[in-house]
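Two complexes, one shared chain (subunit A), two partners (subunit B, subunit C).
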Partner chain A sequence: MDSLQEHGGKSVINRGGRLSFFFDNEKFLGPIMIAPAVIYVLALVGYPLILAFAYSLSDITVGSVDYNFVGLSTFRSIIEEPEFRIALKNTILFTFVSMAIVVVLAKILALLLVKDFKGKFFVRALILMPYVAPISLGVIGWLWMLDSIYSPINWLLQRTGLFGPDFWPMWLGTPGLAMASIITVHVWRMLPLAMIIMLAGLASIPKDIQDAALVDGAGYFRRLFQVTIPMMLPIMLVAVLFGIVFTATDIIIILVLTRGGPYDSTQVLVSQAFYIGIDAGDLAGGAATALFLFPLLLAVAILMLKIARRSEVT
Partner chain B sequence: MAKVETQGLEKYFGEVKAVDGVDIASREGEFLVLLGPSGCGKTTLLRMIAGLEKPSAGDILIGGEAVTHLPPRARGVAMVFQSYALYPHMTIYKNIAFPLKAVSMPKDDIDRKVRWAASMFGIERLLRRKPRELSGGERQRVALARALVREPNVFLLDEPLSNLDAKLRTSAREELHRFQKDVEITTIYVTHDQIEAMGMGDRIAVMNQGKVHQLGSPKEVYSDPSDTFVAGFLGSPPMNLIKTEDRIIGFRPECFLPRELLGGSGDLESFTVEVSRVEDLGSDRLVYGRLEKRFGHHQVVANLPTSFTHYSIETGGTYDFAVPRKDVKFFDVESGLRAEPIPL
Partner chain C sequence: MAFSTEGLRKKTIGVITRRQFIKTSLVGAAALGAGELVFPRYGAARQKELKMLQWVHFVPGYDKWFRDTYIREWGEKNNTKVILDTIGLSGLNARAAAEVSARKGHDLFMFLWPKPDMEHQVIDHSEIYQECEKNVGKPIDLAIRSTYNPRTKKYYGFSDSFVPDPVNYRKDLWDSVGMFPNTWDDVRIGGAKIKKKHNVPVGIGLANEIDTNMAMRAIMYAFGSSVQDAAGNPVLNSKETLEAVKFVKALYNECMTPEVFTWDASANNRFMISGKGSLALNAISITRTAEKTAPEIAKKIWLAKACKGPVRRMGLEHVMDVYVIWKFADNIEGAKKFLVDYISDFRTAFLASEFYNFPCWPGTVPDLKKLVSYDKKADPPTKYAVLEDVLDWATNVGYPGYANAAIDEIFSTWIISTMFARAASGMMSPQDAINAADRKVKKIFKKWQKKGVV
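This part shows the complex of A and B:
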């Protein structure tokens, strides 16, 4: 027995050598494998975030050579500005209205697409298109479609008689309509991903449970609201959490379609931060505006995770 | 209480025939077991009776009424699934109350019935918990309580014991059987476990490849199999089946004993066995060996109760074995069906 073990041990050492010792040792291999991710997060997320915090507590501009600590006075001054309040209000409106629409539509689409029908693959592919198209190109397409003079949408609605001959809405040029347009385009863009997540959630509900509800005598809506949706809740929350953070920090659609106008009616905190910090060169003000979202989103994230844990299912 | 009947029931999944012309009828209050290997169509048959699968052809009658095209909720059936299928986000109370809420029963009545069903299975103290906090045995009771609470006409059970550990399964088997006899609700029970089938069933339908091979009492299907499939499927080890020129002859290992142990009693068929291996399993002793040349040196198994310990059998030895003539079954070589006995 002893000799056998000795023999076995020796052969392992001989075969592997130093390299195998290195690769078989989790103490060395673990840190090395995880290092790229850690370095990436520290360099491209952690460092800029700390920089933003530092900037927001100073009076720094693009022309500054020194760092002047001013405490919270930058925050105080931006909060007092009416443009900031408008942007904050718009951010909340934009985020919650578009998320609500996305969740409802994605849920309906997922319920439809989970069924088997002819051409299902084609319909799924079609719905996924906005997600795979480059976002800036997609939004430029929308810019044309919502054009104040050549809008094909208006043309179509007028031709079909839905709009009167003198009715020609300026989608991006009227305050209320501009926000509605931005929300519509954002929903168009977010829907595919949300639907995919919902489909995955639907598919994760065991078939036995759906069958049990059927045999237990539950009708369609009872099954939907008492079985399907509660069981999908954790994954829906993931979709909503992701969507809120994504929506509240998005800038491309607004930059391409309205640049925050007309009269700041579509200005959100991120676009505001860009205009203050980069265009106007007030780095401190830009950083403070952008960071204003940070506690808000952190709170949303914590809340969502708490709800997700409570409704956790096995 | 209701009879369940299927008439020429068929189910195709694409090209595959899952259920192939099944005609069975349960009796009122009967415990009917559908027994067969995996993929034999027994679960599909049960799901069709529940209304979860649409038959490709044929009819289903419950209590004399055709329910073939009715949705599950209109059939008055309750089902227990292999996974129990408890609603994970609801408490046990809400799980059991769910079928009652679905028929909009008043709250007080729901409460009374939930507590009654829970007391039937001794799970009153679990009512406020969630399914994930329960053990396998407790979950199984909850699933049964949820099925019972509506007082259905028919219970459909799909391998409800297969997720329990072996020890628990034995007690759950006994409990389930007693419960069924108490409530007297017609029960159709799907299993691939012949011990469950033999132990609980009033009658057993033995299925293979979508067909019912035999429907009879446990004793009938065991000792009087209608064909070689049933003979080879039931029993552990199964019936010895020996192909000869005119017939396949079959006899149970426990009927196949050393000649001197059988004494001179009755009409015996004798065989010579060259023993190749002896397995002592505690309660039984399994003797593996080969028959004489007349039967093509066919492999056979004999099962000797250990109470015959004084009779020693050595590996490599040749012994005289015998089967009482009445315990030898004859099957047709071509069809595998039972055939007229012939002298050996």
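This part shows the complex of A and C:
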């Protein structure tokens, strides 16, 4: 029979079994409930990370059956390669240029969409589309748009007279255009999320502060730079940091659009790690290449945690 | 704190409580697990299972025949449920890596190029070779060189077939300039004339993908250059390689467009069938696809043997079917039997692939020359006759030696494709591009030699 008992000031429902002690005691139930998340993180993040460090210090390949410790020689060997330096440079370029464009465009879009106008719902839905659609399908769509033979972009621009009859750019065939295409597609994909974060930030600014600035005679740009942006800075920072993590670790756009080409000029660290480690089977080289992202991502993670702690309500 | 069990009871009426949920889940899971033990399918009558993975064939009719007819009938005869999974060719290496890491996967795994780096993870396939030899006679040298490691004396794979890689050219355009692509010089001169006259380029890939890998090696071999010598020593940095790289640079400048840097495994087909290309190196999937979807253009695309270079006429196989059986496969015996039986029935496979899959066991298709010399579906019907002596001008990756783990890593990291592309684009001089590639090649050879498999 169920009964209510008092144990040291805490209420426990005793249903007669030993199990009830565990299921109804917060001391035990709490850890049990959180255990799946902890196990998940340890198994799918912690273990692979440790494995990556272990692999990078060996000469292991996909087909290996033994582990030979080789110290830091894999790292030394990778740093010597010009392809690694290109990938590192591209990772930095891709991440920071994409994020700069995303932040500026997201801010502009958020400022436009915070206003009331006819068809606002429809416009918002359209802008959200790239984020809702599966990314691989979206990028395959872009691959067709940028196709060397059938590109509808080229066809349209030629028909409208913006391109001459003999001008047919190979978007993915020259290093500059290929990197520009990759950044464009990434911006297209990241913009909706950044815009939503910005929109939430804008909505959280108390209206009376804006009104006070207006009464004090502050113009649009003064309010933008001295009121709106400073007040949105913490949330913008979160958007940027998330964006950096997503961008620096993104592989799908490069994998689908260029596979690192033309002649390895659009390779980034993640795609390089995939091609070396998985496609070519050099697990040690792949792990070492991927681990070069670790310091960058660690710094971003620490920064994000600091921001999160600062905004904690105590 | 006031607490009412009555209130709690009321709240949980009609919904499941946490306790009930956990109990139900545990009982359910236990029952499911016990089910297999309590009600086993009866010993001898229990059907075996054979799991296979291979690529999505470029001739859709082959996959249909293989899935709906061949494996179904083989499964019925052998009391085996055959499960066939197919994936795109670019996903094969990643999938294999995942299966090896998990030590779980398919009983039969098909690669499209030799995978000697997996030697320690696969069984020795010599028994299958011996059994097939008893049934249908000897295999071709190309199959042995793509699946055997002379250093360890182990067959690390089994090859049923290879795919020829002839020249696909637009006869109307080549006729218009009065030329035929017989030699690489013809391709360069004729291609330039066609580009000038019709604004239609040559399309030989210069990208990180399999067709480029094969095409660039074909040019190297024709120019007397190679990645390794017959004994397996790296010899990339040579005057022959320099000539080959200089040739490709000229070929690109005179006959091609930057489109070739965007090449992928189906680009040859799109390029030729769109009518916007004058020549490509590809399997017969271009003409086979065109025969069904664009018969007008199919008539204009003809085939020629691999082009002759200054040293020899030599091409590669377009792809090389290499089946492997993992050491950790559940049904090793079933997989071996499947391969032996498949070889015995290979003539049907050759016909189902519409001459795409050429036999590595010539005894299986004794009338091959007759079959390819006249094909009703082709226009003209003699179009495929050019393939009858393909073994005289096709060789393996790793020529003049055997395919080995170093050759495979060089192949899979696109070192040769990148070398040619960098020189062709002008990013590097031909010699600098060779030096950069040679440094990597030597490093890879050293690594595998240290491991004792090369």
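Here is the rule we use: the second predicted complex is superposed on the first by the 275 of 314 C-alpha atoms of A that agree within 3 Å, B and C clash if a C-alpha of one lies under 4 Å from a C-alpha of the other, contacts with A are read in each partner's own complex, and residues count from 1 in each chain.
In the analysis below, a contact is a pair of C-beta atoms (placed from the backbone, for glycine too) under 8 Å apart; a residue touches a chain by one contact, two chains touch by 3 or more.
In this text the structure is predicted, and so the values were computed from the model without any measurement.
Novice: Which partner reaches more residues of subunit A, subunit B or subunit C?
Specialist: C
Novice: Once chain A of both complexes is superposed, is A:Arg159 in touch with subunit B (first), subunit C (second), both, or neither?
Specialist: neither
Novice: Classify the contacts of A:Met231 with the two partner chains as first (subunit B alone), second (subunit C alone), both, or neither.
Specialist: first
Novice: Quick check for you: in the superposed arrangement, does A:Lys118 touch first (subunit B), second (subunit C), both or neither?
Specialist: neither
Novice: Determine where on subunit A the residues touched by subunit B overlap those touched by subunit C, and list them.
Specialist: none
Novice: Could you list, by residue number, the parts of subunit A that touch subunit C in their complex?
Specialist: 2-4, 11, 13, 15, 19-20, 23, 59, 61-65, 77, 81-82, 148-150, 170, 172-174, 258-265, 274-276, 278-282
Novice: So in the complex, the part of subunit B that touches subunit A is made up of which residues?
Specialist: 47, 50-52, 71-73, 77-79, 81-83, 85-90, 98-99, 101-103, 131-132, 146, 150, 156
Novice: Please name which positions on subunit C make contact with subunit A in the complex.
Specialist: Result: residues 1, 3, 5, 8-9, 18-19, 22, 93-94, 96-97, 100-101, 117-121, 206-209, 257-262, 264, 270-271, 274, 276, 405, 408-409, 412-414, 418, 421-422, 425, 427, 436, 440, 443, 447, 451 of subunit C touch subunit A.
Novice: Which residues, counting only subunit A, touch subunit B once they are in their complex?
Specialist: My answer: residues 206, 208-209, 211-219, 222, 226-227, 230-231, 233, 311, 313-314.
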